[in-house]
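Two complexes follow with subunit A in common, the first pairing it with subunit B and the second with subunit C.
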Partner chain A sequence: MNKKNSSLGKTPGLDFLTVIILIGASVISLFPVLWGLSTALKTDDAVTMFPPEIIPSNITLDNFVSVFTKSDFMIYMRNSILVTLIGVVVATVVAAHAAYALTFFKIRFRKGISFFILMTSMVPPVALLVPLYMLSVKLNLYNTRILLILVYTAWRTPVLTWIMQGFFEKLPMEIVEAGIIDGCSKTKAFYKLILPISQPGIVSAALLSAVYVWNDYLVSSSFITTNEKKMISVGLYQYITQYGIKWGLLMAAVMVSIIPIIILFVCLQRKFVDGMAAGAVKG
Partner chain B sequence: MKLKHLKKTVSVLLSAALIATLVGCSSSSNDGSDTAQSEENAEGIDMTFWIFLDPNSTEDPRSVVLSEIVEEYNETNEYGNTVTVESFNYSEFEAQAIQAAAAGTGPDIINCFSDQLMQHIEAGTVQPMTEYAADFIDEMGDYIHTADKLTQADGEIYSLPWESRVTTLWYRSDIYDTAPASWDDLLTMSSEASTDLALGFGIGLSEDGNGAGLIETFIPWIHSAGGEFLDEDGNAVFNSDAGVQVVEYIKELVDNGSMDQTMMNMSYDDVVDAFKSGTLYGVNAGTQRAATILESSYADSFETCPMPGVTADDPAPAYNAGQTLAIGAFAQNPEMSMDFIKFFLSEENQVKWVGANCLPVRTGVFDYDEVKENPMYDDMMEWSEYAQTGEITFYPADYTELCTELVGAVQKVVYQGADAKEELDSVAEWYNSK
Partner chain C sequence: MERMKKKKNDTLRAVIFLAPALLLIFCFTIIPIAEAVYTSFHATRYAVVGDFVGIDNYISVMTENDGWKNIINSIEYVVLSLLLALPIGVAIGSLLNRKIKGIAILRTLIVIPWILSQTVTALLWGWLLNGNYGLITYWVYLLTGQKIDLFSTAILAKILVVIVNVWNTVPVIIILTIAALQTISPDLIEAAKVDGASRRTIYFKITLPMIKPTMATALVMQSIEYFNMVTLIYVLTAGGPFKETQTLSLAAYQNGFDYWHMDIAAAYSIIIFVLNIVFSLCYVRILKAKDD
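== the complex of A and B ==
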């Protein structure tokens, strides 16, 4: 956007106001995270102290040390990274191909098929739990990470297909047509032309799915009972016990568990913003 | 051409890596170590044990004890059995067990909280153990529960408690001059103790946590007032004069400033945290919370006493509960499951549980020197003595639903001025007509 034509550029007062509002929004958004970090750095008795200390007077790393050395936290992290990575990659690959076909190929009942795909993701996950549970027991997949990957892939693919179809529909059909005239097959046009220019959209959709899988509790808690295969979302619950909530440990574990997602966002920030903006502006 | 060839090779390698990873994920559930172990113990069986404690955690002393007991059993049992612990969070434990039973599977040994045992029985997650348990109870001699009390309506015993817990009044000795002995004492002392920053007493009146904050106080208090919560047939009878008296007393606590409106949003966990933080000077809480409560910087001023009753002479009869062990409905060999349960309940292992601040179910352990050396020995003796004023109760399967409804009714009386009798009648009628 040309800065001279921007309304923000023309109105210094509004710029200042915008900055203030953004700072306010940032503080409100970040406060729970900072509060969590502060709790993680407190001793047990300081956690429930009243009035509370925002910056702990006695900072300790004991909670972080305990999380890493006295529990299976790293196993949960490894499982989450593995399941999220494979699940999202597979779902994204499948969805991208499906979305391309639905957007650029002349398929009978295309709209109906698109809607049907979307409908499958509208079924509340909890309604599928019992049949999936029984199926997994019968197939001997219960208590395996591959089951989690299959379930997450199946659940995220319809939504990803729908989102990517939205992105692809905004691309000019002429690009594909020009590619075909230049000798590209439709398949090659997808890999050579469509995929490179759709990266922001694909990355945004994949990133949102990754956050969904990373945070999901329902599926990961229902299909895994052995400790060695639990995901981080389930593992965090070990600090909420019948004997009380271990706030310091819980917050330390939460702080560490959000790091991979933060890293993912930071690395893919530019493409994510482009992708979100592409979805926001028509024409 | 070379580039094309290279791309193909890379694609094939990536695909192979992906497939290998997936195969690795699925096969890890049945790795070589399991097979090797079962070959080694050809005569024994590999059993699974579902419990809410995580045996791999070295941070929680209870988890450490669990791990030690299981390890010892695996090494010493005469049959060559092995037990593998699978841990679930307590909040999802019942759902997981019921789901598994519906799919025709489940563990060999299962831990059930006494309040939820009937839920397990109805869902078919456990099987009767009467033929093994009745004799074992006699053998133990010092077990705090009798076979009669553990026998359910169908004449069967389904589980054996391995730890005990009793709800007591926790109060601040620097704020309260003496332990409140009656409702009047508690009302007077707690209202005088309340300040702008702290309340003299608190009951979690939120529906969160199935309303346990209220129920664990309501039931002993209704008993103290001469009433019953449920009758022998499981019908709600808390809408009696005694029930009304309890609800009106809770309202009085609010009206007199001992508690305030914030209690409506506070769960059991919240009131315990508030007590630890010094914003509540008294709470009714289970003894299983002791270790957590004593982490507070005010711990030196914390005291416990029996829950005050209507009159100073008689404390409210104790609200007892506990974790129990049952044989899973799909156990491979119930006798072997029972063998592990017997080992779990041995006096030596009960001593270990005391070391992890669990109230034992065998009184003989109080004679052990290492138990006498426990810093909480005197408290445990006191709690154990108080526990004898009540009995462990197994509530119906829809107990949690009832509790949530009852909390709603009490909220209406306390904070909206509704009539106590009408509200209790309404909940009792709803429950009895189900």
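== the complex of A and C ==
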């Protein structure tokens, strides 16, 4: 009986059990988010009710309306979009050039530079925050969005370089050489040939970096004090003091901040997963 | 002659192609490390560096401050998180790899916590576990008849921080497990089936050993990640109660930006940096071993 099941045949019992366990896992995954959503849809009185209502009896959009109209949420959102876009685009461009040079140019210390970049990608942000704070105060860069962009760009560059080197190394060398023989210089071959064919991988690596920057709290909280310059990750935390922890408002703000990223993830799941696999296992 | 010219061209182009990356890394990683080393040997008042004090800051970290306690907390945090995240991740990843209709939707739902930031994760769970109005607090109240602030006892706080971390990061292991499982050739499994091996034997004797290298990578990668984590713990407990959940990384951050002891924070940063370099060298070795 058992043997029959395990050889090729269908196993409805096992499938059923698998689905039950996985549904359980997805409930655990989603529960905190749904509870946050339920809180965001409650009136102030219902939020602080004990025992709490799991599904609100009075659904109201007041919290969401306040987040959009009576707070600096939109400013934080704009700052996050600005810093993330510029930082990731610049880092990707810079890293692509570095990775190309390290893969296709015959230069001295190639392995050494490669290893150096790999090691710097592993220096943790938390070890750099304090000295960067001291330096930025000295250089008058403290509390500027330029500093945020520079820091994110610089910190994403090594990882991106490393990942793209992985992509480039896997390209068939003949294509590149054929391109060069066809009259392209190595520089031209990079823009006309290598970049276009590596584009899917580069996009997924960049996407993952974008999520990193968007989600980061440490850099944007350590180097920015002015409210108008804050990013959304820090702006959220701001609701805790600004309203003396009004959980309904806070959860509404959390929901608005994660909905774009969840939609992006559901649509581009494949790219996210590829990007992570490339970062973790190199190629 | 032609070849020599080509090589020279390559060098010049390489310099242009590499310069921006190296310049950025130099300014925002190398110089700060040097600055941290310098600061860690001096006394500071806010951002102003004062007298040279030798290794006093390091001694202070280990004696007056909670250096040892932080190290133990870090180890506890990393080990407990791995002990939970790895088995759960591999198990769910294995189940998700089965061919069942509609399983793709479940996969999407299950890995959603992965893209939520540590801030959002900590806020969502902080609210669930809120001492006055939290839903989980209410469930505990139903079970015990008492309304308890779950973060007020050291042991519970430690466990809760780990659980929240696992919730946020287990999708990484799940995704890596699925990716590794998909590289296993179906022919191999088929052959084992033909030989009459049971499902269980195939899974434990063939499948699991085949994904071991990827799991080793995940283990080291996640250890480093957990070791360097600040935001999640900071937002959930701020290191409390009585610094029982303050890890090394959190201590570096709090000494700098909560207590404004830049000298002590710099010493913490250097300790973290050195430990990371050691971890990373192990990581690179594992990657190399896998490549060969």
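Note that in this section the second predicted complex is superposed on the first by the 210 of 283 C-alpha atoms of A that agree within 3 Å, B and C clash if a C-alpha of one lies under 4 Å from a C-alpha of the other, contacts with A are read in each partner's own complex, and residues count from 1 in each chain.
Heads up, the rule we're going with is that contacts are C-beta pairs under 8 Å (C-beta built on N, C-alpha and C of every residue); 3 or more make two chains touch, one makes a residue touch a chain.
Since this is a predicted model, take the numbers as computed values, not measurements.
Set against each other, subunit B and subunit C touch different numbers of residues in subunit A, with C touching more.
When the two structures are aligned on the shared chain, A:92 is found in touch with neither subunit B nor subunit C. Within the superposed three-chain model, A:153 lies in touch with subunit C and out of touch with subunit B [touch as defined at top].
In the overlay built on the shared chain, the residue A:204 is in contact with neither subunit B nor subunit C. Contact with subunit B, but none with subunit C, is seen for A:82 once the two complexes are overlaid on the shared chain.
Of the two partner chains, subunit B and subunit C are each touched by A:237. When the two structures are aligned on the shared chain, A:50 is found in touch with subunit B and with subunit C.
Of the two partner chains, neither subunit B nor subunit C is touched by A:165. By the touch criterion defined above, A:137 reaches both subunit B and subunit C. Looking at the shared chain after the overlay, A:249 reaches subunit B, while subunit C stays out of its contact range. Overlap of the subunit B and subunit C interfaces on subunit A comprises residues 48-50, 129-130, 133-134, 137, 221-222, 237, 247. Against subunit A, in their complex, subunit C makes its touches with residues 7, 10-11, 13-14, 17-18, 20-22, 24-25, 27-36, 39, 47, 49, 92, 95-96, 98, 100, 103, 106, 108-113, 115-121, 123-125, 127-128, 130, 132-135, 138, 141, 147, 167, 171-172, 175-176, 179, 193-194, 196-199, 202, 214, 217-218, 221, 224, 227-228, 230-231, 235, 249, 252-253, 256-257, 262, 265-266, 269-270, 272-273, 276-277, 279-280, 283-284, 287, 290-291. Listed in rising order, the residues of subunit A touching subunit B in the complex are 44-46, 48-50, 66, 69-72, 82, 86, 129-130, 133-134, 137, 141-147, 149, 221-222, 225-229, 234, 237-238, 240-247, 249.
Interface residues of subunit A facing subunit C in the complex, by the touch rule stated above, are 2-3, 5-8, 14-15, 18-19, 21-23, 25-26, 28-30, 32-33, 35-36, 39, 47-52, 54, 94-95, 97-98, 100-102, 105-108, 113, 117-120, 122-135, 137-138, 150-151, 153-155, 157-158, 161, 186-187, 211, 214-218, 221-222, 233, 236-237, 247, 250-251, 254, 257-258, 261-262, 265-266, 269, 272-273, 276-277, 280-282.
Residues 18, 21-23, 25-26, 28-29, 50, 52, 54-60, 62, 86-92, 96, 99-100, 102-105, 113, 197-198, 269, 272-273, 276-279, 288-289, 291-293, 295-297, 299 of subunit B touch subunit A in their complex.
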